[in-house]
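Look for chain A in each of the two complexes below; its partner is chain B in the first and chain C in the second.
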Partner chain A sequence: MTTIATDAIRQPLKFGRIRPGQILIWTLLLLGGLLMVMPILYMFSTSLKTASQVYDLRLIPAAPSFDNYIKVLSDGNFLRWFGNSTFIATTVTLSNVFFDSLVGYTLAKFEFRGRYFIFLAILSTLMIPTEMLVIPWYLMSSQLHWLDSYWGIMFPGMMTAFGTFLMKQFFETVPDDFLEAARIDGLNEFQIWWKVAMPLVAPALSALAIFTFLGNWTAFFWPLIVTTSRELYTLPVGLSSFSDAQDTRWEMIMTGAALATIPTLVVFLVLQRFIVRGVMLAGLKG
Partner chain B sequence: MAQGAITDGTAPRGRVWDRFSIRTKRVIWAWAFLALPIIFYGWIRFYPTFQAFWISFTDWDILKPAQFVGLENYDKLVHDPQFWKVFRNTFTYLIVGTPISLLVAFLVAYYLDRVRFMHGFIRALYFLPFLTTAAALAWVWRWIYQPVPVGLINGLLSQFGIPQQPFLKSTTQGLPAIMVTAIWAGLGFQVIIFLAGLRAIPSTYYEAARIDGLGEGAILRKITLPLLKPTTVFLVVFSSIGFLRIFDSVYNMTSNDPGGPLGSTKPIVLMIYQTAFSSFDMGYAAAQTVVLFTILLIVSLLQLFVLRNR
Partner chain C sequence: MANIELQGLVKTYGKTTAVHGIDLDIADGEFVVLVGPSGCGKSTTLRMIAGLEDISGGTLKIGGEVVNEREPKQRNIAMVFQNYAIYPHLSVAQNIGFGLYTAKLSKADKDQRILATAKTLGMEDLLARRPSELSGGQRQRVAIGRAMVRDPVAFLFDEPLSNLDAQLRSQMRIEIKRLHQRLGTTIVYVTHDQIEAMTMADKIVVMRDGRILQVGTPTELYESPVDVFTARFIGSPSMNLLPGKIAGAALTAPGVAIAGIDAATIASGNVLIGVRPHDLVVGEAGTGLSVSGLVTAVEPLGSETLVHLDIAGTEVIATAPGKVVPKVNTTVIASALPGSLYLFSAADERSLGRL
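Then we have the complex of A and B:
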């Protein structure tokens, strides 16, 4: 299905010869881009400085050292939060990849009464902001003893209307003949979905997985509400409380922020093409 | 029907199942696939939505059982100067932040679309902040805004002999300072979406326009911008919703005094958070969430309206 998506996206406009105006534009764009990453660069730079060097605002530290990282990580809590966030984001992502695509597939490829109603009902939940649901969720969680638990953090995001909509759009591009052939081969409907249809929408699945993972990795509002014990904090919530407790130890705060940012940057550098294409796909389809 | 003609070893199927027509079987499969999701959406999305409305008509405060109080919470809200301040702050984020970020994002995308040399690298530079954790980078920006000798901006200003700025500690500069952070974090996403929108315009349109002798400005006005309208509307709504729901960066940049001095940077979601989870005035907080819901609904409906009138 990649071809369908990428054909629509043409290559950058080509110019015959280079003019001075273009060099100026290129330089401005580059400078703007460098300005954009400056806070991130300074975050890393400061995290490599000692407490006394923090006041030296040069980008390259005079004597870079990883002592802050060792200090922050040896605290123990940070690794725990790291693990919590990884576990939560991974579980929620797997759940979304499974259920969103299952529902999207069913709505795209099955004919039954009530299909359109179900689709509209799920789509309409896009209009409901999380902020409105947190109070009932909190009530529900306290009644069912979900407060301060992994499940309590994860349950609201196990399925999303956005993912369902995205996957429905992509399953609609899968030719019915493929599915019919599999049906004649004796595969049952679940196998047809899992073994035939799913591989055909792999690019959309990877986009969905990346979005869901990033969204849950950086999620702050609900985890802040539902967790009370430090051991269950996710990385953003833990980082917030950690930074608050550091007072003005900025090199420590920057180290914490850097540790929270490094995984997403690594993921980005490895999967850049996928991510950019995924955002483009979702933006055009949505 | 070829009942039992095929001995299917993959799934245990009774005789009742075999008697169904292929069509019926598929309908049953469909509802089996949807069973768990229907429970999920009903229980985790729809039921809480109605419950939020219900709680907004009660005086529930976690300690004692909820009592129906009618529109009392809404009445309190309308007469709460704090709410109107928060309302104004939220719309300031929205009305100032959205046009600025969209304009900058469009300019970057428009020119970046014409650049081939290091295109991917420059695009990555703009996109990178979007992938960072807002809660983490809020602290980086907080550091940037500190007074000398710590803060980056004030450090630069002092080198040029410009007086120190209070930024987050000021009632007038706090909100713009946070807005810059929010625009910075969201810009990359908007650039990517604009780039996708620009690329989706067939190059034949441009070629035809050039043959007709249209200049760059005319092409921009007559071809690029009109064809980019769906993308722009999507981004206006996406960005507006983002600003209406701003929380992470404000909470983390002003955690010593949530909402900034005199609540000058406090957005509506932070007020909801404090009312619900600091004061535990759940009924009042629920009424605030209903207001937020209504505003978001209006924004989304406006999008549909604008796109339909194409």
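Then we have the complex of A and C:
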């Protein structure tokens, strides 16, 4: 009898047991969820409308059509911009995963003079807004002839203070025993970092990769400034060109934006499974 | 296999000295246990042997060669850590094989050695498992396997059983000892548990405050401790100590009856009388040392009972045969035979001999 009673208590989803507080929480969460989802639903909805229907705010279009998708995809520029964004976001993400974790590991696991000062210096750059950096970046790009080039778009983000900070914090949680065991087994310091430390911080690497990819996929301000040729536009810059002084083609912008969300969803779905806490602890004391 | 020599080994951290110039010879194939309380320098010494800590002074020789400046991998030693340090992202086979990472062997040879090692440890059925699917004892075996597979000249163990429960710890103690008997490789083992030290070691090194207090076989340390610290550290329960005095040939102590003991060989003065709980047996007063005290607690262990007595304000532990369990708050007599008393100087706590 006691067991049955205990099991009954453990079923929180029975309607009879819902508390008023829970209803309030669920309502708030539902509203929050709707707030997040509505713009996305409108984006897809608008992408299925014609230009004349854009300001008809019904969520389900009167005559949905995929014509916009055909138009956007048959425009050579869109695919080019899509390719540019993919290349830039992927390269910058790989670079961040490599360099941020290398520097983060060094700061977390090696004792050397000035380590704390270097860390503070890196951290302090987080407090400088991008808007302030754009002019120096531009001048630098200009002097080094990097304007209107892939490298010009990518170089400011190839390594970030945030990524370094994130990785340093995670590497500090890796017990030294793991690294020392590898040292005794004959691995050199680079191998220890690559073969032992990196797999142990896979969840952090996934998070960093997602943040970096999304940040670069949606980057607009710097690519707009540094590029002048249409062939080098990234997707957000290219999509903005659907809008000019006379006209804003919302249905085309929304179609492009809908297509642009696909890679971000793929990246998130692929990497999120690695974000599992507690992987590291499995190798330690039980 | 190789011998290990520590000559005046020093470790300093800034102005703090953790190890004060210790000398130690570890023979080829010997099982040496470094034992002592936390902060005594035993782990630091082991890490210096491993090459994980720089040596601040003195000389370290492995197999007759000075290795002070050599990297850990160049010393061909293997180490098992307290936290196992097996990699959670690798299988058991990959973890064991990690020890062969730098070995110039073909994959087939490596696989063969991994399998042979796993068989030695009784883990051949677990090779495909991940560490998260193993018990604590199995994980520790994997860690030992990774150390074994390389065929190192010496094994270093840093408190490897601290994280296991009491039953598993005693099982693993025997397994490590058997492994040593089978492989015959030099082992340096660090622990703060004197039972591990006593049961496993060929030679025990007792350390305190970065210095070696005594080196000897378990029996030597038990029978002839050089000072109060070693005497109380080795043996469980700890040795009882009673304040006493020697005047000529007479040994006296408050609340203690001493008969048939001639202390003439020891200089007169204040002393500490040590008597092990197993030598102080509840029963009738006899020759030697007898105490009468109030029973404050009893710990029946089955084969015997530990009886806590209050002797003139000093707590003393005596033993009673298994079926005799004295009642708390009763007064009992316990006695120790001549020859079972350890005398220490009250001034510097050094051993004065046995009576």
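Please note the rule applied: the second predicted complex is superposed on the first by the 219 of 286 C-alpha atoms of A that agree within 3 Å, B and C clash if a C-alpha of one lies under 4 Å from a C-alpha of the other, contacts with A are read in each partner's own complex, and residues count from 1 in each chain.
By definition in this document, a contact is a pair of C-beta atoms (placed from the backbone, for glycine too) under 8 Å apart; a residue touches a chain by one contact, two chains touch by 3 or more.
These figures come from a predicted structure and were not determined experimentally.
Peer 1: Contacts for A:P175 in the overlay, against chain B (first) and chain C (second): which applies, first, second, both or neither?
Peer 2: Once the two structures are laid over each other on A, A:P175 reaches chain C alone.
Peer 1: Touching A:L94 in the superposition: chain B (first), chain C (second), both, neither?
Peer 2: neither
Peer 1: Tell me which partner A:Y55 touches in the superposition: chain B (first), chain C (second), both or neither.
Peer 2: first
Peer 1: Who does A:D185 touch here: chain B (first), chain C (second), both, or neither?
Peer 2: second
Peer 1: Classify the contacts of A:L73 with the two partner chains as first (chain B alone), second (chain C alone), both, or neither.
Peer 2: neither
Peer 1: When the two structures are overlaid on chain A, which partner does A:P199 contact: first (chain B), second (chain C), both, or neither?
Peer 2: In the superposed model, A:P199 contacts chain C only, not chain B.
Peer 1: Contacts for A:L123 in the overlay, against chain B (first) and chain C (second): which applies, first, second, both or neither?
Peer 2: After superposing on A, A:L123 lies clear of both chain B and chain C.
Peer 1: More residues of chain A are touched by which partner: chain B or chain C?
Peer 2: Counted on chain A, the partner with more touching residues turns out to be B.
Peer 1: Do chain B and chain C touch any of the same residues on chain A, and if so, which?
Peer 2: Overlap of chain B and chain C footprints on chain A: residues 186-187, 191, 279-280, 283-284, 286.
Peer 1: What residues on chain B touch chain A, complex-wise?
Peer 2: Per the touch definition, chain B meets chain A at residues 6, 8, 10-11, 25-27, 29-31, 33-34, 36-38, 40-41, 44-49, 51-52, 55, 108, 111-120, 122-129, 131-137, 139-141, 143-144, 146, 149-150, 152, 155-156, 184, 187-189, 192-193, 195-197, 199-200, 202-203, 206, 231, 234, 245, 247-248, 251-252, 255-256, 269, 272-273, 276-277, 282, 285-286, 289-290, 292-293, 296-297, 300.
Peer 1: Where on chain C is chain A touching in the complex?
Peer 2: On the chain C side, the touching residues are 50-52, 71-73, 77-79, 81-89, 98-99, 101-102, 130-132, 134-136, 139, 143, 146, 150, 163.
Peer 1: What residues on chain A touch chain B, complex-wise?
Peer 2: By the definition above, chain A touches chain B via 8-10, 12-15, 22, 25-26, 28-30, 32-34, 36-37, 39-40, 42-43, 46, 54-55, 57, 99, 102-103, 105-106, 110-112, 115, 118, 121-122, 125, 127-140, 155-156, 158-159, 164, 186-191, 193, 214, 217-218, 220-221, 224-225, 235-237, 239-240, 243-244, 248, 250, 253-254, 256-257, 260-261, 264-265, 267-268, 272, 275-276, 279-280, 283-284, 286.
Peer 1: Under the touch definition given earlier, write down the residues of chain A that touch chain C in their complex.
Peer 2: Against chain C, the touching part of chain A is residues 175, 177-178, 180-187, 191, 196, 199-200, 202, 279-286.
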